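Next, two complexes with chain A in common: one pairs it with chain B, the other with chain C.
Entry: the complex of A and B
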């Protein structure tokens, strides 16, 4: 166990901020769940945790790769954010192809009448009995923001852990643990599905903020006590 | 997505309190028994006891997933399984590392258990008070889940590495990447039983037998990993015992599925007079 000094407090703060970024980032990702998989709701057709874990782990890998060549925290955070953004962007793009060309639905959001970004009318394109289909532009942009926040958060957890214990494998699996706890708390807060920052449910983020803060502090306290082994 | 029953919780033939005692005692005693036998006889042959101990923890975990998700959490059963393992992995690494720092490796499982229990309980309180789930069993359910996830991961880690020493577990599991396998396979063992069996006709015994079945599949996996870390004898022993447990409980599960399944009877086409 290393001595408790000012660095330890900085590490704890970094892990907490990382956990909060993950928790808030989940609210941006257009999670459609099972209804979206049947093209009866807008968003990506899988659960929050799978999406958050996917983008977060890609971000972690990208951050780890950058960390092997430099220890500049800004480059590492940027690499994590871009890695996770690419992952979630690719998922939404290929998912969009399937919705457009295989399922054959127009992309429309049922939560807003006009897309806040393109100003296109949405309501006429929503099939009766559904809450939107596909991944409209606003969801795509929101998803990119959320994925990048998750990636930056994941990198922000990984970076101090690696400095503490100097063991890449241990830091990665520990980051995954912290990441999953925060992602699940956030997904419980949105009750499964959300479209992005334009969704009325997005206003619930302060609850997730508080929940993730408490959880992250407890996890960070455990994280700074572990050693690299051997 | 979770569509399990409404309020009131899942009906249980086996009392959750008894299952908790059996699950925690079974896995803790198993892990210690395996570790001490391995240490005393200076061998790795008893590592399989760790994987058997993990199955006790998996039963506890699957039962608490079943109890919480019967209220409907809105995000799907997998999320709670991943939460269990997320809390568990942090607790395991914390417990083993602190025990090693204190210079007394036997304390590892106890510290893991205490941290997991406290942390899980706090997550349950947050879920009820901050996120406003208002599920009456959320606190104890999450504490159970966290302890189950932690002990299951600890049992499998011991099964692969053959010791409870932090340095060896870091070398044998984290640096080789086997931790990722037991992380996901362990998540499946805890979340899959209720996910597969949920619905109005969900029965506790069928769900729990399914969890033992998936737990033994993880044991087969750890057996394969143990061949590479501990040598053929210890690994194959684990593999064979895993296959035997799996076969026995697969047959039992099949019997329970047939017991609970409805019969589909072919009635033929409508008679011409009815058209």
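Entry: the complex of A and C
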């Protein structure tokens, strides 16, 4: 590329939108952290960034494969989203087996009285002394939305970088970096654990939105300049 | 699609299943990831123990490191020294296992010596027997993931554009995330706390009071591996195997050039099936286990 033209601005905007999708998507992923691993809290028993990165970057692999055969942005984004959705779906499903058949607990959330999707009552099924356990349907759906947003976001960061430099490896590493920065910013905002869009903490997303926007603009400028644009 | 590509997808699924299982058992033997908080807490609440304690980092970055190391070494040996792929992958995994051994041993020594004031000892027999077991499982995980990356980059009909180490890094992150979300729950939620009533979450009051006695003698981490191999490990393997297999199956069966829409539609179909399966599990658990007897309120469902 020669010079800083309108395309460069479009590329930067695409990277910023990708970063924002990742940052907001992390808020949807139901992570219970260490308490969830002891069936003390509902959600997935791992860290926010870890799970968002695991699913979003699996989506990046799918998007990278799609981009090597087509340059249709919609197919690439959809491929990234679906790849991430498969990963997080399989993770929550097999995690649910452990809660149901090894720990032997019914799925329940202590944040709401009724599951907003299935309308099942939650409080009678919350184990005493805990704040819920397992992955109720609302958490599962929220996790899928979050994971797929992460996958679409990762693909949206990768797409312009690959157009700029044509080097898949370099673009992938930069995408992973920008992805992780936004995921970490968002996880500071939710302070470790969240159950999904029904959790009261979810209302804090505008803070992460602003922080991720600033970080993504800086990273997008750096990524576009360093990898060979402008 | 050709028959060879589908065969490779099947091989990748099988390798991923093995990688997931060994990853989970590796983390259970070392008490890595979230259940480690209880192992760490145990000595502080007056229960010194003989369980290995290595929280090097979260599982995903740790496994990304092992897998990426194995793939980088293998890639270098294949491209610069023309060593046969299988030997190069095995050598790469061996280097990753050595890295793992150094991290595991320094983590165990560092963590236990820092708890001297709580009477937590460093047991040299535990170091001798358990570290090698952790390294062996890390070898299996890194070998399988490096091999999956090799197949994706060099052998599939549609070769993946990313370099082998980057693919291994991403699959390493994914297997760590799955191991931490699936298998570790059996270790943390069931095995560490067999001294309480079955079928409930861990009451916060019991934090740190992990089981320290085994079927015979004192419990160590090899006993935990024996237990978690029965369900947590295979379930993690299923999770990672499903991810790798389904994700590659849809782009192999449907040509990404001409049938990209079908490939994406197939992925959405798998996701819908998984949502309904999870709903089925939720419903059947509620029906079979029923509400907790301690609950006094009356909420109509």
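Keep this in mind: the second predicted complex is superposed on the first by the 224 of 230 C-alpha atoms of A that agree within 3 Å, B and C clash if a C-alpha of one lies under 4 Å from a C-alpha of the other, contacts with A are read in each partner's own complex, and residues count from 1 in each chain.
Quick note on the criterion: contacts are C-beta pairs under 8 Å (C-beta built on N, C-alpha and C of every residue); 3 or more make two chains touch, one makes a residue touch a chain.
Remember, it's a predicted structure, so these values are computed and weren't measured experimentally.
With both complexes placed on chain A, chain A has more residues touched by C than by the other of chain B and chain C. Once the two complexes are laid over each other on the shared chain, residue contacts for A:157 go to neither chain B nor chain C. Residue contacts after overlaying the shared chain place A:107 against chain C, while chain B stays out of touching range. Once the two complexes are laid over each other on the shared chain, residue contacts for A:173 go to chain B and to chain C alike.
Applying the stated contact rule after C-alpha superposition, one finds that A:65 touches chain C and leaves chain B untouched.
In the superposed model, A:34 makes contact with both chain B and chain C. After overlaying the two complexes on the shared chain, residue contacts for A:121 are found with chain C alone; chain B is out of touch.
After overlaying the two complexes on the shared chain, residue contacts for A:53 are found with chain B and with chain C alike. By the touch criterion stated above, A:224 is placed in contact with neither chain B nor chain C. For the contact definition in use here, the residues of chain A common to its chain B contact set and its chain C contact set are 33-34, 47, 50, 53, 169, 173, 176.
Within the complex formed with chain A, the residues of chain B that make contact are 1, 73-76, 78-80, 82-83, 85-91, 93-94, 97-98, 100-101, 115, 119, 122-123, 126-127, 130-133, 166-167, 169-171, 174-175, 177, 179-180, 183.
Here chain A touches chain B in the complex through residues 1, 33-35, 47-50, 53, 167, 169-170, 173-174, 176-181, 183-185, 187-189, 191-192, 207-208, 210-211, 214-215, 218-219, 222-223, 225-230, going by the rule given at the top.
Chain contact summary for the complex, chain A toward chain C: residues 33-34, 36-40, 44-47, 50-51, 53-55, 57-58, 60-62, 64-70, 72, 75, 78-79, 82-83, 85-87, 89-107, 113, 118-121, 123-130, 132-137, 140-141, 144, 168-169, 172-173, 176. Those residues of chain C that touch chain A in the complex are listed here as 33-35, 37-38, 58-61, 158-163, 166-167, 169-171, 173-174, 176-178, 180-186, 188-190, 192-193, 198-205, 231-232, 235-236, 238-240, 242-243, 246-247, 251, 256-257, 260-261, 263-264, 267-268, 270-271, 274-275, 277-279, 281-282, 284-286, 289-292, 294-295, 297, 299-301.
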